[in-house]
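What follows is a set of structures to go through.
Two complexes come next, and they have one chain in common, chain A, joined by chain B in the first and chain C in the second.
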Partner chain A sequence: MDLKYIGNSINRVDAYSKVTGKALYPQDLYYENMAFGKTLRSEHPFAKIKIDTSEAELIPGVLKIFTHKDIPNNEHGVLHKDQQIFCDKIVRRIGDPIAFVVAESEKICEVAIKKIKVEYDILEPIFDPIEAMKDDSIKIHGNSNILYHYKLRRGDALKALEDSYFVANNTYRTHSVDQAFLQPEAGIGYVDDDNKVTVVVATQYPHYDREEIAYCLNIPMESVRVLNTNVGGAFGGREDITLQVHLALAAKTLNRVVKCVYSREESFLAHSKRHAIIMKYSTGVDKDGFLTAIKAEIIGDTGAYASWGDNVMRKAGVHATGPYEVKNVMIDSYAVYTNNPYAGAMRGFGATQVAVAYEQQMDIIASELKISPVEIRLKNILRVGSYTATGQLLNNSVPLEQCLKSISE
Partner chain B sequence: MINLNINVNNKDFEISIEEDKRLIDLLRDDLKLTGVKEGCSEGECGACSVILDGKLVNSCLIMAFQINNSKILTIEGLGQGDDLNYIQKAFIEVGAVQCGYCTPGMILAAKAILDANQNPSRDEIREGISGNLCRCTGYEKIVDAVELAGRYLNGSEIYR
Partner chain C sequence: MIKRGKGIAISYYGTGYGNGYPDVSNTKIKLNKEGKVEIFVGGTEVGQGAKTVFLQIAAETLNTSIDDIILFSEDTSIMPDAGTAAASRQTYNTGNAIKKACEELSIKLKLIAKEILNLNTTEGLIVSNSSIYLSFYEEKKVSFLDIAKYLGENLLIIESNFIAQTVEMDLETGQGAPYWPYTFSACEVEVEVNTLTGVVNILSAKFAQDTGKAVNPNMIEGQMDGGFCMGLGFSLFEDLNIINGRIKNDKLSKYLIPTSMDTVDIEKIIIEDPEFTGPYGAKGIGEPVTIPVAPAILNAIYDAINVRITDLPATPDKIVMAIKKDSKAEDKNGKID
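Entry: the complex of A and B
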């Protein structure tokens, strides 16, 4: 059969515009008479704040300085609305947005931003999630810093570990990572001819952005348009909103076209990170090299805000045993608030970090039993007929063994 | 204000600029050549690469006043009208384009490599694009594309 696409190499539909430089990203859009916006961000990881914009407002060319007083609904967030569009009383991380200056030029914005007075009453920050989990720790939100706890139980892991021939006990730590997509956040806000508040932005979720804009501005969803341009990389880092509501609010209030472009430095401050995770593993094995049990405590530093923390740490927990069959499993994974940069989506979404732990455990066990790293894996790898730690029967297409054999040859 | 005479993409311009304007801002804001991308503003990422008097440079690190009487090539000047240049064609065919933000700078880096050597090794290509970051591809296909463009250029592969 002659197939039009399958088996054929197809050129990307957007490749022509990208190799010719015609592809437009939000920073590439220029309008007559547009105003510029710039965000004032917190310089401290945990502090009570008082803001005085009066002197900055007097600078010629400043159109308006937006703060928490100007936004009908100040809270946002993809899962939990625990972030503020503009912090009102407290900042919880370095880079929290406090104000959005809109002026006739970017240079005026920069001058004005330095004239905004922020009084910081500094609080003791928490950077270690293990400290943050303690009962007597200072609470960053509500009455617990534990945002989320996922439990996975199969069989009796404690007993199986006791009965094991060898148990590898180790703690692994991965660090926070920025997606570092190449196109820093940028956007344009305006009110279109049909009176719709329009935000042109490079985003992973135009529909979520639209919901958040409508909610924060307290206007119907039908009054909001989000236009997605070319997206200059994202890797999870464009799942939470950054400048979308700032631009919508400014455009609606001032009835002007407003442009905002983040620098690389501001981009790092603005968006989520990959979760830094502490993973305490006990992996048991019998004398023939078959896994008997995995017990793991997996603590994810979700930083100052939840973002996708619940989902990321659930995924870390679900994947904690890796591609191996284990009959006795006891996993506890947590997402914990700290005053670090907030963590959210990034490629792999929690599944990436746990591989660092469970694979090193396999190597350590292989070395202890004096068998090869390939052999220990072939003994334990998931096959057709295996059950995953979460109880799923794999009834077809599990070509892991084939894959492992062909790469090890 | 300073007056400049420059040639950009084979067109002459006489232009008056502020002293603190960077080359990237002159190209993007004044000439609307937005294929010149800004990624880091400190010469790390190469998204703003242009060819200045035959040399690949980061336009974010050059002040506009430094380029009087210079000749500049940006991505917009590479093809002939709507026709693609052989490097652009190779990038499309190999699948070396993903998000596209590094692509204009990467293609100009490829041109600088191939202008000097029509038959570069993979190591030489990697060295030549070492000032241009790509976060999507992992570089393999970009290196493939520069190799293919080299074959188009030296005639060992027929340009279709």
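Entry: the complex of A and C
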């Protein structure tokens, strides 16, 4: 096909405004008579709480201190509504939002936040996902800390491992990291001329933010407007809401323009992390270098809240074999609650972590068989006509051999 | 002692929400009174290049300059929901929705052109540069502006969507077709490891990325540079240092992300093998570009020092400790316990 615009490296349409500093982010917006908001967050990873805002409310310039009492529907979350806009009885991680102070200036917000009394009745926290999986562990939500278990079964992996010429048995651990986008969260809330509750924010999914704001404020979706500014990077870290509902609630209640800007430190507390994952692998191979079986137990620490935990650990499980044809596969992938910072979406979404395991396994096998890393891969890679471990036929566009050869020749 | 090593890694990545969950991108396009095409779509520009890609796909489909197409993607009160800017799905999903809408617009525009030009059929009509003409008799020509004037207040509006096809997996066996399409990557890294300090330097890197069809090669190379840096930070330095639930490294002076001094001029190879279901064959590459980087670096470290780091990040102290531990061990053939 003769293409004119596709395949053409035209300049990004947003390049000029970004490189000249003209592009606006929520931090850059100022309105007359604007109020400011600041979030009070939990200091403890697991505790029962009692909140007393009475002294803080008396400080001149404080407009209102919002807590769980002020929000019609307090629960939110992208998959499971297991997070609270403002914690009412229990905090489950350091950084859980408890109150949102709105005042005439940021300085007054800071003074008032220190005057809010939070009584913490400390509970025993749990930080190790393997401990958290045990039946007798302390439960963070409901009856089990196992949020999700994905099972993949193809052929007979146990028998195939037994019959293998060589089996590499190793455990890999990846840690929790942050998306570290350059623009920390910020936003502005106001009620627009059409009486719509409007939130100006940088987000990955404005329509979903609108849905959560409408639900939490208990107003129709049509009464909410999300204006997405330029976004200073996201990488998964702007999937879950942070300050959106706080701003919408404050703007609607006070009928004022309210602005909130997170510091870098608060940004680290506010959004999701990459899942830290423990990956126990057994990879079997025959004497000619063809994979016989892969068995893996993959345990993802989803922290205090689910966020995208189920989907991340499902994606980790589906991609656990790597891009190889394997007839016998047994994968168990888990998302487990702990009192760590909550984990959610980040570039690669579970598939990034399992590559650390399956690709080191391939090199270990190659070294055992005394063949090159390229050769072991060429023997086993997916091609057009291959089936994946989930039984899916790859019927077109599988240029993996081309990718591999182009970096290794 | 300075030791050098090379490592490779390959990876694949399934696009989209997956597992049978409805993965929908909606779009609305309008011919405005000035004869320009307006596209309303909720897909977010997060820096990945969505705005540019959407306009390139629309321009290609309407055979019309990008300057004559206006994109609105910031206000939920005017734009339809195109799903999240995640899962490497915007080019594939929303790109397909925009292509479909523009194709429908072309058909409608040709029907109106037929009326205005007093023709018997739309056969032989060509859409080009904001106008429509008869390919073998160019005197029969009408501009988008003329069509807009002809329509007056009855603005031409097309609403369209694209839904990705996936099949939910069986709960017991995990069998099914959870993602589509799959995108493939390969990376080779050469490193230098200082066995005394444990510091790893990247000497060179090659990255090959399957794109299906590259919509904008420069932007894809930009993603490859960025994805490499993210994988580099993940494998060598980024560490939240979470102790008893508390993030100790909560500022960029402690949470170390790579700078341009840490990376190299990567040899970037774009692989094209059009995907049947993609817009002009294109697939999403936003996430795939980071996936093979960490294992390629770890394999290169092993090649250099004959010690395998299985616990990320591979910080200098961990590498020094692993070398010391390994020098005590008898079995040095690469097996680890």
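The working rule: the second predicted complex is superposed on the first by the 404 of 409 C-alpha atoms of A that agree within 3 Å, B and C clash if a C-alpha of one lies under 4 Å from a C-alpha of the other, contacts with A are read in each partner's own complex, and residues count from 1 in each chain.
Criterion: a contact is a pair of C-beta atoms (placed from the backbone, for glycine too) under 8 Å apart; a residue touches a chain by one contact, two chains touch by 3 or more.
Please read these numbers as outputs of a predicted model, since none were measured by experiment.
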Touching partner for A:Lys22 - first (chain B), second (chain C), both, neither: first
Chain B versus chain C as contact partner of A:Ser176, first or second or both or neither: second
Chain B versus chain C as contact partner of A:Glu55, first or second or both or neither: neither
Which superposed partner A:Glu162 touches (first chain B, second chain C, both, neither): neither
Which superposed partner A:Gly322 touches (first chain B, second chain C, both, neither): second
Which of chain B and chain C A:Ile94 touches, first, second, both or neither: second
Touching partner for A:Glu110 - first (chain B), second (chain C), both, neither: neither
Which of chain B and chain C A:Ser9 touches, first, second, both or neither: both
Chain touching more of chain A, residue-wise (chain B, chain C): C
Which of chain B and chain C A:Phe235 touches, first, second, both or neither: both
Shared chain A surface residues [contacts with chain B and with chain C]: 9, 11-12, 14, 180, 230-235, 264
In the complex, chain A residues that touch chain C: 1, 3-14, 45-46, 93-94, 125, 127, 150-154, 170-178, 180, 196, 203-208, 210, 224-236, 238-239, 264-265, 268-269, 273-274, 311, 314-315, 317-319, 322-323, 331, 339-341, 345, 347-349, 351-352, 355-356, 358-360, 363-364, 367-368, 373-374, 377, 381-382, 388-392, 394-400, 402-404, 406-408
Touching residues on chain C, where the partner in the complex is chain A: 7-14, 17-19, 42, 44-47, 49, 51-52, 55-57, 59-60, 63, 66, 71, 73-77, 81-87, 169, 171-179, 181-182, 184-188, 206-210, 212-219, 227, 230-231, 233-235, 238-240, 242, 244-247, 250-252, 255, 257, 269, 271-276, 278, 280-283, 286-287, 290-292, 294-296, 298-299, 302, 308, 310-313, 333-336
Residues on chain A engaged by chain B in the complex (per definition of touch): 9, 11-12, 14-25, 27-28, 30, 179-184, 230-235, 261, 263-264
Residues on chain B engaged by chain A in the complex (per definition of touch): 28-29, 32-42, 45, 47, 74-76, 78-79, 84, 88, 91-93, 95, 97-104, 107, 133-136
